[in-house]
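One chain, chain A, appears in both complexes that follow, with chain B as partner in the first and chain C in the second.
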Partner chain A sequence: MLRSIARVTAAHYHAEKCRRLTHPIAVVSSLLYPIGRVAVLMFLVQAVYQNRNPQNLLADYQSARIYILTSAFLTVTLGFNNAAVLAERIRSGLVVFDLVRPHSWMATNIGERLGPRLANLIAPVLAFLLGMSLAGYQQGPKYYLMITLMVPTIWSIEFLISYIIASITLSTQNSWGLGVALAWPQQLLSGAMVPLVLVPHGLRNLAYLTPFPCLLDLPIRAALGTVALMSALRIQVFWIITLGVCSKVLYHRNIVRIRINGG
Partner chain B sequence: MHLIAGASISKAFSVLSGPSEKQSVFRRLFRPGYERLTAVDDVSFTVTEGESVAYLGPNGAGKSTMLKMICGVLVPTSGDLRVMGMTPWKDRSKLARHLGVVFGQRTQLLWDLAVVESFRFLATMYGLGRDEYRQNLSFLVARFGIDQLMHRPVRELSLGQRTRVEIAAALLHRPKIIILDEPTIGMDLLVKDQIREALAAIRREFGASLILASHDLSDVEALCDRALLVVSGRLKFDGTLAELKNAAQGRRTVEFTLRSRFVPTSVVDLGLPSDMSLEASGGRVRLTYSSERIPTVDVVSSVLRHVEITDIAIMGPSLEDVVRSLYSGGEWPDAS
Partner chain C sequence: MFSYREDFLIGAVATGVFHLSSLSAVYLLFSIAGGINDWSPTDGVFLATVSSLRFALGKIGFWGLSALPRLIASGDLDRVLLYPCTPIPVLLLRDLDPLSVLDTAILLGTLVWSFPRCGLSTLSVIAFVVLMVLGLVATYGFMLLTVSLSFWAKVRNMFPQVFRVLWEFQPYPMTIYPTSLRVVLTWVVPIAVAVVIPVESLTSRTPILPASLIVGTAAVGHYVLGTVVFRVGLRRYESTGQ
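Coming up: the complex of A and B.
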């Protein structure tokens, strides 16, 4: 399995690197995108703090801004678009090529998603460091270490959620509907759209019953020191195991029902 | 030992049925109706090592479904299928090392990148060593004549060029079984010839078996020794191409070039029985019939009584005529 993942990842890493070099404007764009995203969110947060009593908000202004910067970095680094890409390959029938290669479907999908992300790592890291430096935020090495440690667990959870969606798509073929169904809860309940510290209590409590906060909210709060690291990791591992079991069951149930029409 | 052995294989799909009058869109959301569609129906066949087999059938006959079951992509609803001693859908990853697959309507090439990058991509994917990769690549590049295309982006290739690259890419890891699903769809004659020659040479070099699904019977005649013919999912014929042609022994085609302006639109216009088939175009009339039912001399004399002609050609059945006749409900030889 690990060798398969390494091979597929290497193949896609190389392909993505070539693709980037073919379209140099994409490199510039991927550097500018996280900066633009952070700037807009910072503006919105400033508006919130100016118009509401900060005592009613769970985080101080400085923490909220670091939260946003970190959230933008993680969102851009990890992509969070695995479900759409995996389901699209099923809808278009291109999944047939994934299934005639000498690797399991899971290994193929991990490598196929991981390779391009690794090839695109430099731009968001640079943007993040630049953002931190320009905003004058001083964070110790512990903060950066925690963020680095959390990246694989966040990616695993997001991948497993996407893999479950893709496994369901194997039998339903309705990738569009499932993609739409997943997109908004993931954006809203993970804290990518608005930091969870700023959303109403009821919605926040609902979010904590799902794996979505493990994608952004939990790791960022762990990095900021408002949640214990071990506690955050325990929750993430719980969701990795739960989603892993679900994805395996769903894959085996649905792969026998896959339909790919035409030659 | 058989390389591929299938016994009573069936594959049925559940497909969403159209809305009934009673069903509203909202109700269908919660209680969708499904109907069962049988794509492959009780098919048994074998393929031995080194054999080259055509899998023929009209659109929707279940050809692609069968090929995907052989690859392990689809799982049969019932029956037993063994490929190289393995159960394809259970040992899919292991079996994939021995399969080279081309789906004529889809591409596995990296669209925006130079052709050579697709080959590198597949070499990494299949874990080919540097020497093995170079050796296989140079052999395939020479056979398919694609050396000038290697540094051009895939999206800039013509259909014929892309197909040559596509087939070469599928064979990079020297598969034991080559599966081609309509590989020459939309090609011109010269490209088809080039692909056929390359495939024949590669089969000799690799010692590989070939399974070819195609509507192009000239591909089949050039590349295959044996044919399996399916209609509506059921195997209707399994035998050599010669046997397939013999199945329509006695069928004749006579082509008349007309001098007269009158162009008949039906066989009745020529005083001939209505069970004969007639095609008329460009001042030519083509009649197909069974010489056992009506002697050729009677056909010719009847035509001469009704129209003036400048030329006449009498032909035995081509493979295309045979298959056309069988697709359209002609008499079937038994599937052996």
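Coming up: the complex of A and C.
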């Protein structure tokens, strides 16, 4: 399995690098939307702190802004909301080619997602570091190291959620609808739309009944020091195991429904 | 989408979930602040709903324009020009999105829930509807302008993407942005003109007459500019692709 993942990842990494060389403008354009989102959130959070006594808020202003920058960086780098991409291959029938390959479907999908992500790492990393220094936030190496340490677990959880949605698509045609139905609650409950550090504890505890806060809120709070790293990793591992079991069960239940028609 | 009933239901649920999530985020943020710059959480949801409604109506009416850069790059604009009518209606109708009708229906429900109940008059409601229509005209004109630049762009026209990014600034009160950005979002790009100014005139934050002058001027200006640039670009179209 690991060897399959490595081979598929390497192939897609090299393909993506070649593609980027011929379309460098695509690198810039891919950062436009996240930069716009970050700018809007920064203005909104500034307005929140101007209108409400900062002492009545659950986090200080600097932490909230670091949260926004880091969540945007993680969203761009890890490429959330891949459910529709995975599911589209099933809906269109291209999954047939994946199933006849000498690699498992999961290994193929992991490699196809991971390779391009590694190839496109430089621009978001540079943009993130530039954004942090322009904003004057001098976080020590420990902050960046903790974020880096949690990237594999974040990516695993996001991939498994997408994989579960894709497996459900084996039973229905509407991959787009399933992807959208997942994507927006994911953005809301992970802290991408509203930093969960500002949300009342009751609502935050409700969000933590889902795996979505493990994608952004939990890693960022661990890096900021408000949550212990081992506690954060334990919660993430719990969700990885739970989602992994669900994805395996769903896949094996739904794969028998595939009818491959020739001719 | 319409082939199978369950697929349609999934699409409908997805659309509802999308709007519920985005409007909940707005309400939550405004509630945490206890209101932002005299906009209550309900006012914030109303503004965000109007913004989404403008987007949904745009998808019904003129989203087909977004295909123009791709058609120019591939040379497929020839097929559109072969139709026995002007190319604009063909572009507008080719990518008509019927699911946007569902979008609109859901948003109208939210609009009714969050509609301001105090300080309204018949004149302000009529002015709001008229200003929203003019705002749509301004958006159409500016969108036509940005996609028409593809007639000149040799590599890739990024203006439609930049315009799309600036839409993210739309669902929130303009008072949260610095003055320089507000000027850009009002007079250069029709962001405030399409949504915020009509809502401000409805809720008496801006008097109706100055709001009408700003929105009317922007609508006429962007429509004329967009149409002129499109026609000039069409004359230099060479059917060779890029």
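To be clear about the criterion, the second predicted complex is superposed on the first by the 245 of 263 C-alpha atoms of A that agree within 3 Å, B and C clash if a C-alpha of one lies under 4 Å from a C-alpha of the other, contacts with A are read in each partner's own complex, and residues count from 1 in each chain.
Assume contacts are C-beta pairs under 8 Å (C-beta built on N, C-alpha and C of every residue); 3 or more make two chains touch, one makes a residue touch a chain.
This structure is a prediction, so every number in the text was calculated from the model and none was measured.
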item: Touching partner for A:118 - first (chain B), second (chain C), both, neither; value: neither
item: Partner chain in contact with A:256 - chain B first, chain C second, else both or neither; value: first
item: Contacts of A:8 with chain B and chain C, given as first, second, both or neither; value: first
item: Touched partner set for A:149, first chain B, second chain C, both or neither; value: neither
item: Partner chain(s) touched by A:94 [first = chain B, second = chain C, both, neither]; value: first
item: A:206 touches, of chain B and chain C: first, second, both or neither?; value: neither
item: Contacts of A:19 with chain B and chain C, given as first, second, both or neither; value: first
item: First, second, both or neither for A:193, with chain B first and chain C second; value: second
item: Common interface residues of chain A - those touching chain B in one complex and chain C in the other; value: 23
item: Complex contact set, residues of chain B against chain A; value: 13-15, 63-64, 67-68, 71-75, 89, 92-94, 96-97, 99, 101, 103-106, 108, 110, 112-114, 117, 120-122, 124-127, 153, 181-182, 185, 213
item: Chain C-touching residues of chain A, taken from the complex the two chains share; value: 23, 25, 28-29, 32-33, 35-37, 39-40, 43-44, 46-48, 51-52, 57, 172-174, 176-181, 183-185, 187-188, 193-194, 198-199, 203
item: Contacting residues of chain A [partner chain B, same complex]; value: 3-4, 7-8, 10-12, 14-15, 18-19, 22-23, 93-94, 96-97, 99-104, 255-263
item: Residue numbers on chain C that touch chain A, as the complex places them; value: 1, 3-4, 6-7, 10-11, 13-15, 17-18, 20-22, 24-25, 28-29, 32-37, 155-156, 158, 161-162, 164-166, 168-169, 172, 175-177
